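Two complexes come next, and they have one chain in common, chain A, joined by chain B in the first and chain C in the second.
Take a look at the complex of A and B:
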């Protein structure tokens, strides 16, 4: 049965993509219906697959040669992420019924969304590194296609191509890791590597580890590759919720968590992972504090929270990172979809033109606050428990200032969350635009996520046991939910963090009084607005490449004499090389 | 049918068909102006060639027979490399013949086109099967001579004629170098057969010079940088079916001729593989960077062909330098997938060029801006072009991803630093190529069509059928790469056997 649910989890979305593409744009309602049907069915299949996660089953389709066997493994890490991808995916599709109402070329939209969902499920359920790279690239393709869905908008197209190039560039790290695995073990299967990292030489293992770190950082928009995610916000908001908050950007964290047993012994790897996570968390939180585009604040927030997860992996808290991944997927998808309801209603993403929307959008405001409290880490929302576990994981065997820095980031998170909520939903109404609350399909998508933000932490015990039993190489220590609650309540560190969060909340609420402080730190906030120089680096690379290409045009002069001269010169150079190099 | 006869038919049918196609076309057109059945005669001839080819392939691969045919001192032998080339040439040739019917419907002298196309196909099949140097040169020249008038088919345009003349002169320079090389080898070893040369090759500077002459001489046709300058003009100015053939098989045939000749001299120097890898790096870099600046669609695709020759050379070069069998198999797999993908790209662009310009009586190049909003009116052409471009960029689940993967694995398996560095360089180039492929796709799926799209004519159902066949092929090979293993593995083995095992 497990094999069936596995095939359906990946195959149903792909079948749906094909069907929707073939049916085309003839009847909008039918297209919406097909998309919802296939995505919900896929979610069902993934949920039915969950119980099998404990057993670590393996399925293989032989392909032969350098392609290896296409193997799929059903274990805790894979089934939980596949469930998130398909369930949040179906909620995003349901939300799209209202959000994308009346748009053209919907078949292309839904086909790519479903293709993405299947690809993401496949990514986490395979144990063949070639196949993982295959699915990794498919998700990148879908992300690009959906960011630039509105092809007539140059910003959307530019955002899509930027996302594609940066994540593909990082993907070379994963490619190198996969190629090294095959070259040194003769197989694409990474399970033997996780069980015994000594099967490849230490130097090769180091290259693989850092290659995978680069790929993960690019995919999860971590430092120094964070510049693509804010520009990806040109995508329709359900896509931002699904791909750029709840699923694809988690692929990097998944990669690090999956390969932790293999690379933890590489000298400097864990430190590098932690630094990557900390820098991303801190810098992105600072950028969120000064951003004025609602989706950009959420995008920076995503980078920051992913930084927490990456930091957790580096600190050895793999369970903590995955638990926060679960919480974050739920509350960030909620925040993005609620933001989508706002943007769809008011027609702008600029928070300075919003304000006082809470009166006209009470439900949206309510769920947004739920998501915001979870993001800020307020008890008893799911974000609180998972963030505390991460902070505590960081305490073991690491310098205290690291912990202090992460607590500071938690405080900054509270600040920008309150700022965001206040600017959008409270205060004076700034524009006289007609505002209406979320439509019915939107509500159907928002409510389960809001409930989830309050309750998914209760799964900590079962989730932990699922992971621990099916990932023996990771040596995870897990407790029941109640034991976790006791541990968090008893730890003094929790109250320190809560105190900082409270300060952050207060500062956010009273931010007008802090304007002098903001002006004193004006240099920092300007740098934050410019993404700390990374946008300039991106622009520099693009300009340099174009200049190099332009310079090379001299090789195509169009004059036959020069062309023949080049042929003769090439011959002379070869002859000279042979004369010097001898045999 | 016995092996020798089947083999003879594979080579002879396209060659003998050429005058037949010309005569029938000419005679019928004289009687009834405007009716030219030469396309159908060509299609019959080329489809018929599949029958003996499948027999030969079956005998070669499943029964392991030696398939050869002798005429006096000339001996033709089919091995893995020859079978791969013949298969690809026949598939692409048939599709191009079908495509070119509507494409050339407003042109004169169609019978010459199809006759020359058939002759070129025959030349390429023969090229893959030779076992001596001079015979190789003869088939090589036959292929080249047939291709010159095909490139300058739209002979009333000065740009087309310029492209044709450049192609002719530069190819002639290459051929002259090859002849000098053959003369030098004959002088040193007294033999022209590959086996004989391999057995007797003295390690003298004259032999080194001969090798260099082969590398440059055949390299012009294989579009090695810096010998490539004819290619952007020729591939963009030729009729789109010929562009597909040129990028898809002719330059690869030039590479195979190079491999045969250099393979005979393999023992003479350790540097052949190094040179091939050096050319690979140059091709990849220059092809991609120049393509970034192009504003004409077919010229962009032509520069892209340069970069893909670079990937192929990476695989073959690793085979020469390190004996890497997976790299060789990957290189041959990429010859196959690139032929299909670049063929699809040129034919899809050709369908749009036909609909937007040729059908309206205009002979202008297809510009990048003309693609805006193409998907609304020409969904199949737009989809086919998108699939081709994504495949060329190495995005799964398309064929280009799998063939590049195999080359990269082959390179890493050598565990040599330089091979690994080159593979990473190739991967970076692959990412760079997306910077010029992706914007084209985005343009096609806009809502607002360009003015040229609005005034375009419909695309013929034959053209769409060809595009569908190629699209399906590219997608299937992306999901099941081992489907091509029966062609690529024997080719790799034949190559490595020729290099001394």
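Take a look at the complex of A and C:
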């Protein structure tokens, strides 16, 4: 039975993508209906797959001698992320019914959305590293196609290409890992590696570990690859929710958590992961404090929260990182969809032109504040519990100054959240804006997420046991929900973090009085607005590549004889290397 | 070196491939390029037949060679047709006249 649900979880979105592509744009309502039906059915299949996660079932589809078996594993980590991808994905699709109303080429939009969701489900459910690489690239391709959905807008096209190039760079790291695994174990299945990392020589394991870190950093928009995510904001807002909450960026954190048992023994790997997470969290939080585009603030906050998760994996808190991933995907999907309702309503993303929208969109304001408080880590919202668990995991046997930095970032998070809410929903109402509240399909998508932001932390116990029972190699230590609550309440570190968060909230609320301080730190905020020079580095790389290509043009005279000469040279080099290394 | 049948055939294969590659490296006339390709393919065909014979799978080697003959004929036909078109459009069969393609 589990096999059926597994195949349906991956297959239904892909089947839907095919059907919608073939049906085309004949009838707008029918296209919406098909997309919602297929995505909701896939979400249902993933939820039905959840109970099987404890049993750690393995499936293999024989694929002949070249590829080996295509293996799938149904364990806690996989089913949980597949459920997030399909359920949050289906809510984004439902939201799109209102948001994309009247758009051209809906078939292309929905086909790629469903292809994306299916690819992500496959990525987390396979235990074959080569197959995982294929799914990895499918998600990269779909994200490119969806970010550039408005392909007559040069900014959207540029953003899509940037996302594609940077995530491709990470894909090379994953491919190298897959090839090394195959070279040393004769199979692409990574389960043996997790159970016994010693089957691969230590030096090679280090290469694989850092290759995977690069892959994860590129995919999850971590330092130093974080620049593609804010530019991906040119996508339609439901796509931003899909990329940020349900699919794409979770893949990197998943990769690190999945391979933690193998790479934790590599010297320096955990420290590198922690540094990567902290720098992402800190820099992105500072950029979020000065950004004025509503979606960019949310994008930076995603980078920052993903930094928390990456840091948690490095600090050894695999459960805490996955728990925060769950909380984050719920509240970030909520924030993005609510922001989408605002943008859809008034037609701009610039927060300076908003203000006082709360009176006209009470429901949107309510759910946005729920999401914002969860993001800031206010007690009883899901973001509070998972963030506290991460901070606590960071205390065990890791340098104290790293912990201090993360607490500081938690405070900055509270600051930019309050700033964002105040700029959008409070203050003076702008006249001349025609404002209406979210449509009915939007409400259908927003309400479950708002309820989820308040309640998913209750799942900590069952979720922890699911992970601990099905991931023996990770040696997870988990407690029931009640024990977690007691632990968090009893820990003095919680109150320290809460104090910092409260200061952040207060500073955000009274930020007008802080203007002198802001001017004193003018250099920092200017650097943050310029994304700390990373954009300049990107531009430099692009220009250098173009110049190099122009210089290398000399080697392409377009003459047939010259090309044949190069082919013969390559053949000779190949023969020589075979003669030398062939034994 | 013993002058057995396989050795002689290998020499012929190497000779045909050598002539073909030398021609491809030096000639500038498009018709001659097509001829050079044909010579190389004949060498490859001979190698296929020989390989089949040496492995005891004569049928396989010869049927592969037949397949190559068919494919090779198509290459020759399309190549010559392209040559005719190039002559018509560019006014010359010289390869150097075709370097404008790189822009």
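Note that in this section the second predicted complex is superposed on the first by the 549 of 583 C-alpha atoms of A that agree within 3 Å, B and C clash if a C-alpha of one lies under 4 Å from a C-alpha of the other, contacts with A are read in each partner's own complex, and residues count from 1 in each chain.
Methods note: contacts are C-beta pairs under 8 Å (C-beta built on N, C-alpha and C of every residue); 3 or more make two chains touch, one makes a residue touch a chain.
These numbers were taken from a predicted model, which means no experiment stands behind them.
Of the two partner chains placed by the overlay, neither chain B nor chain C lies in contact with A:380. Of the two partner chains, chain B and chain C are each touched by A:564.
Contacts of A:575 after superposition: chain B is touched, whereas chain C is not reached.
Of the two partners, chain B and chain C, it is B that touches more residues of chain A.
After overlaying the two complexes on the shared chain, residue contacts for A:165 are found with chain B alone; chain C is out of touch. When the two structures are aligned on the shared chain, A:556 is found in touch with chain B and with chain C. Looking at chain A, you'll find residues 556-558, 560, 564, 568 touch chain B in one structure and chain C in the other. Contact residues on chain C toward chain A in their complex (touch as defined above): 21, 24-28, 33, 95-96, 98-102. Residues of chain A touching chain B in their complex: 63-67, 104-105, 108, 130, 134-135, 137-138, 140-141, 144, 148, 151-152, 157, 160-161, 164-165, 168-169, 171-172, 175-176, 179-180, 182-184, 545-546, 548-550, 552-553, 555-558, 560, 562-564, 566-571, 574-575, 577-579, 581-583.
Residue ranges of chain A in contact with chain C, taken from their complex: 556-561, 564-565, 568.
Chain B contributes residues 165-166, 169-170, 173-174, 177, 203, 205, 208-209, 211-213, 215-216, 219-220, 224, 226-227, 229-230, 232-233, 268-271, 275, 286, 289-290, 292-293, 326, 329-330, 390, 395-397, 401-402, 405-406, 408-413, 415, 423-424, 427-428, 430-432, 434-435, 438-439, 442-443, 445-448, 480-482, 485, 489 to its touches with chain A in the complex.
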